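Next come two complexes, and both contain chain A; in the first it sits with chain B, in the second with chain C.
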Partner chain A sequence: MKQLLAALWKEGLLQWNLRSRFFAVAVFGTTSLLLFSFAIGPSAQALRQYSAGFLWLALLLSSTLTLSESFQAETEHRALEGLLLLQASPRALFYGKAIANWLQLALLGMMLVPIMVVLYDAGTADLFRLAGIILLGSAGLSAPGTLYAAMVAQARAQQTLLPLLLFPLVVPVLLASVKATSLLILGDPMGQTGSWIGLLLCFNAIYWSLCGLLFGRVVEDS
Partner chain B sequence: MTSPRLSRRLPFFFILAGAALLLCGSYIGLFVAPPERMMGEVQRLMYVHVPTAWNSMLALTFAFIAALAYLAGGAWKWDARMEAGIEVGVVLAFLLCVQGSIWAKPTWGVWWDWDPRLTTTAVLLLAFAGIIALRRFVDDPGRRATWSAVATIIAFADVPIVYFSVKWWNSLHQLQSTPQTVSSAFHLPLRMNAFGILFLMIGWIMLRSRIAEARLESELAPPPTASRFRDGAHAQLGGSR
Partner chain C sequence: MIEAHGISRRYGRRWALIDVSLSIPRGSTTLIAGSNGSGKSTLLRVLATAIRPTLGSATIKGHDLVSARQDVRESVNLLGHAAYSYDPLSALQNLQIAARFLEIESNETALRPLLARVGLEERRHDPVASFSAGMRKRLSIARVLLRTLPVTLLDEPYANLDAAGFTLIDDLISELHGRGSTVLVASHMIDRIAPICDGGVLLESGRIGWTGSVSAMAERIRSIPDATPPRTEQ
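Let's turn to the complex of A and B:
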């Protein structure tokens, strides 16, 4: 627990120093939201109908930028090796990094919501539930994303590899998040949102434990 | 104990037996078995489509087991087997998607439908193709083996979640075809093709893992003299990390 808190503190400091990068990613997400609307056309009804999909696609695309650079500081100065030599627990390092990535993605998702409301006229009164779905969806992206980011940070063609590995894996997260958000915006007469939230919880439970378990093996060979 | 000569030839026996069974099964399926009442001649695609589906899953399950075995013991031979299982599984999954599309057009009126099984296969194909790409971009054999084993476990764990998520989202696929769910007139070609593709798959995996082992030998062996090269490489491959 102490090691996890120390890892979280380290991540907090890192993120604060790299805050300009976060804003650059937020601008990228906003640009993506704007571009998606050109693909559909100016029909307000169609834009509102697909708004949830656009929001999550923008977040997914932005996540590759955030995740692919999340191990940059550790690999550039072989800091990860140093931390492991200091007997830092790989599991604490993983959860520290994954939680930092999760919070960053969730914040980005919440920043994109008002832009979605303005561009697509797709608002909802249930903001707490929307925040919950964004938290769950971004948690689903960040656990496997952090594990893959640790691998590809030391491989060639990392910018290509991360989406190649991550996108097929997070299909259930994307599906469940889009459906749950869409039901929240367009109405849920059949009460289906709960099942999609259940699927997100299930994915997160599996991948947060599995990735934490396997991270030690990944960094052992770094 | 099998002799080295026999074990060298074993994959070719499997491939020959598989090809012969597949040819006979396809001949019976195309020309002897009756057409299905509702779907007519299109149904004959089932004789290769269903066995390809079973065997692609088997190959990827084999890769998953090899990944677990590599992480548990660190023996290089499991890395070679995992590589072979992934590549053969990806080829079969690709063929499965192509066959599914050919089936879908006359049956459902579209080349592609977001059906759980079709979509799960496509996702699986892309996930494992990503692992093949990962292997190509990592030069160090130790890292490559561990990372691809981890990625294989992660991707394989996703299969049931993708299947159920797409099933909730949309479902069109007919009931799964097995000898129990189809007429007895269709059993023989279905079984012959299933074993034919199984034998072909085993032969391909054996040959592919042999190539992967040869590459590992050259990567792990120290460069100097020729005699030390071969002895040293074999000793390392036989053992574990």
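Let's turn to the complex of A and C:
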């Protein structure tokens, strides 16, 4: 537990000192939403219908920037290796990083919601539930995303490799998040939201456990 | 204390270490010498468990480097080429992170004496990104000083340091020697370090070329026409 707290403290310091990067990613997400709205055209109905998909696509694209940059400071002067040599627990390091990435992505998702409402006229009164879906969806992106970001951190083409590895894996997260958000915005007469949330919960349970176990193998020299 | 049997390490298609066998007694200070690219850093990184040997095995205090990696890390301190620091954070914050992971006192009061010892007390709140190479090295030394362990591996400890930094390293090695720590120093500063070393190992293209006393090793290096001459202190 002390190791996890140390890892979270380290992430807190890094995120605070690199907060300008978060705002740059937020601008990227906003721009993506704006461009998607141009692609659809002026049809208010179509905009509203696809709003959830665009929200999650913007978040997915932004997540690759957040995730790949989250390991830049770790590899620059081999800081991560230094912590491992100090007997830092790889699992604690993973969960510290994954939680930091999760919170960043969730915050970004929530910041994009008002922009989605303005651009697509796609609001919902059930903000509490929407926040829950964003938290679950961004958790589904951050756990495998953190593991893959660690894998490609030393690679030359990391900005290309990360989406290539991550996107196919997070298809269930994207699908479930879009469906759950869409049902929340457009209405859910058949009561399907719960099953999509269940899928997100299962995905998160599997990947948060599995990635924590695998992280040590990824970051240690083999 | 340190026993290595046939350690080899490959990077891609190039062998950086080939069949290196060593026996370093407890409490000794040993110089690892050799020209650039001879495998000194790789050997120390293997012994510190930063990288695994491709072939061969080694033990430190009886713990195998591969199968008991965490036990080895309990005994070994590495001052490497890399600063092991976070550029956006201050010197103090970097030390605090290390202290927290080591589960030792991490407040400013506890860490200030360490920073003062390495000459970074005045700059402790500055981001490491603004530091020179020598200052980063000093921060790495402070990190090594956070804990006293039975084995300390120093990879080019004098690199990037000024005259005061040289004295800092001399004092550190003497202090570790006095405490009975086993010290391995990879350095080109043979003349400077010879008086405090008990023995030397000369690496040539990844292989052990010679072992014995440091003074005899210096003579041998000078006698090799193609070898990079050992750098002496200014």
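The rule is short, and it goes like this: the second predicted complex is superposed on the first by the 221 of 222 C-alpha atoms of A that agree within 3 Å, B and C clash if a C-alpha of one lies under 4 Å from a C-alpha of the other, contacts with A are read in each partner's own complex, and residues count from 1 in each chain.
Criterion: a contact is a pair of C-beta atoms (placed from the backbone, for glycine too) under 8 Å apart; a residue touches a chain by one contact, two chains touch by 3 or more.
All figures in this text were calculated on a predicted structure; none of them were measured in a lab.
Engineer: Go through the superposed model and pick first if A:Q3 touches only chain B, second if only chain C, both, or neither.
Structural biologist: second
Engineer: In the overlaid three-chain picture, which partner chain does A:G194 touch, first (chain B) or second (chain C), both, or neither?
Structural biologist: neither
Engineer: Of the two partners chain B and chain C, indicate the one touching more residues belonging to chain A.
Structural biologist: After superposing on chain A, more of chain A is contacted by B.
Engineer: Let me test your reading of the model: by the given contact rule, A:G82 touches which partner, first (chain B), second (chain C), both or neither?
Structural biologist: The second partner, chain C, only.
Engineer: Return first, second, both or neither, reflecting whether A:R217 touches chain B, chain C, both chains, or no partner chain.
Structural biologist: first
Engineer: If we overlay the two complexes on their shared chain A, which of chain B and chain C does A:L14 touch? Say first, second, both or neither.
Structural biologist: After superposition on chain A, A:L14 lies in contact with chain C alone.
Engineer: After the superposition on A, what does A:A73 contact: first (chain B), second (chain C), both or neither?
Structural biologist: A:A73 sits against chain C, while chain B stays out of touch.
Engineer: Could you say whether A:P114 touches chain B, chain C, both of them, or neither, answering first, second, both or neither?
Structural biologist: Touch partners of A:P114: none, neither chain B nor chain C.
Engineer: Once the structures are superposed on A, label A:P172 by its partner contacts, choosing first (chain B), second (chain C), both or neither.
Structural biologist: Touch status of A:P172: first partner only.
Engineer: Under the contact definition given at the top, report the residues of chain A touching chain B in one complex and chain C in the other.
Structural biologist: 220-222
Engineer: So in the complex, which bits of chain A are touching chain B?
Structural biologist: Counting only chain A, the residues touching chain B are 144, 147-148, 151-152, 154-157, 160-161, 164-165, 167-169, 171-172, 175-176, 179, 195-196, 199, 202-203, 206-207, 210-211, 214, 217-218, 220-222.
Engineer: Where on chain A is chain C touching in the complex?
Structural biologist: Residue list for chain A touching chain C: 2-3, 5-7, 9-10, 13-14, 17-18, 73, 76-79, 81-88, 220-222.
Engineer: Using the touch definition up top, name the residues of chain C that touch chain A in the complex.
Structural biologist: These residues of chain C touch chain A: 48-52, 69-70, 73-74, 76, 78, 80, 82-89, 93, 97-98, 100-103, 127, 136, 143.
Engineer: Going by the contact rule set out above, which residues of chain B touch chain A in the complex?
Structural biologist: 71, 119, 123-124, 126-127, 129-131, 133-134, 137-140, 142-143, 146-147, 149-151, 153-155, 157-158, 161-162, 164-166, 168-169
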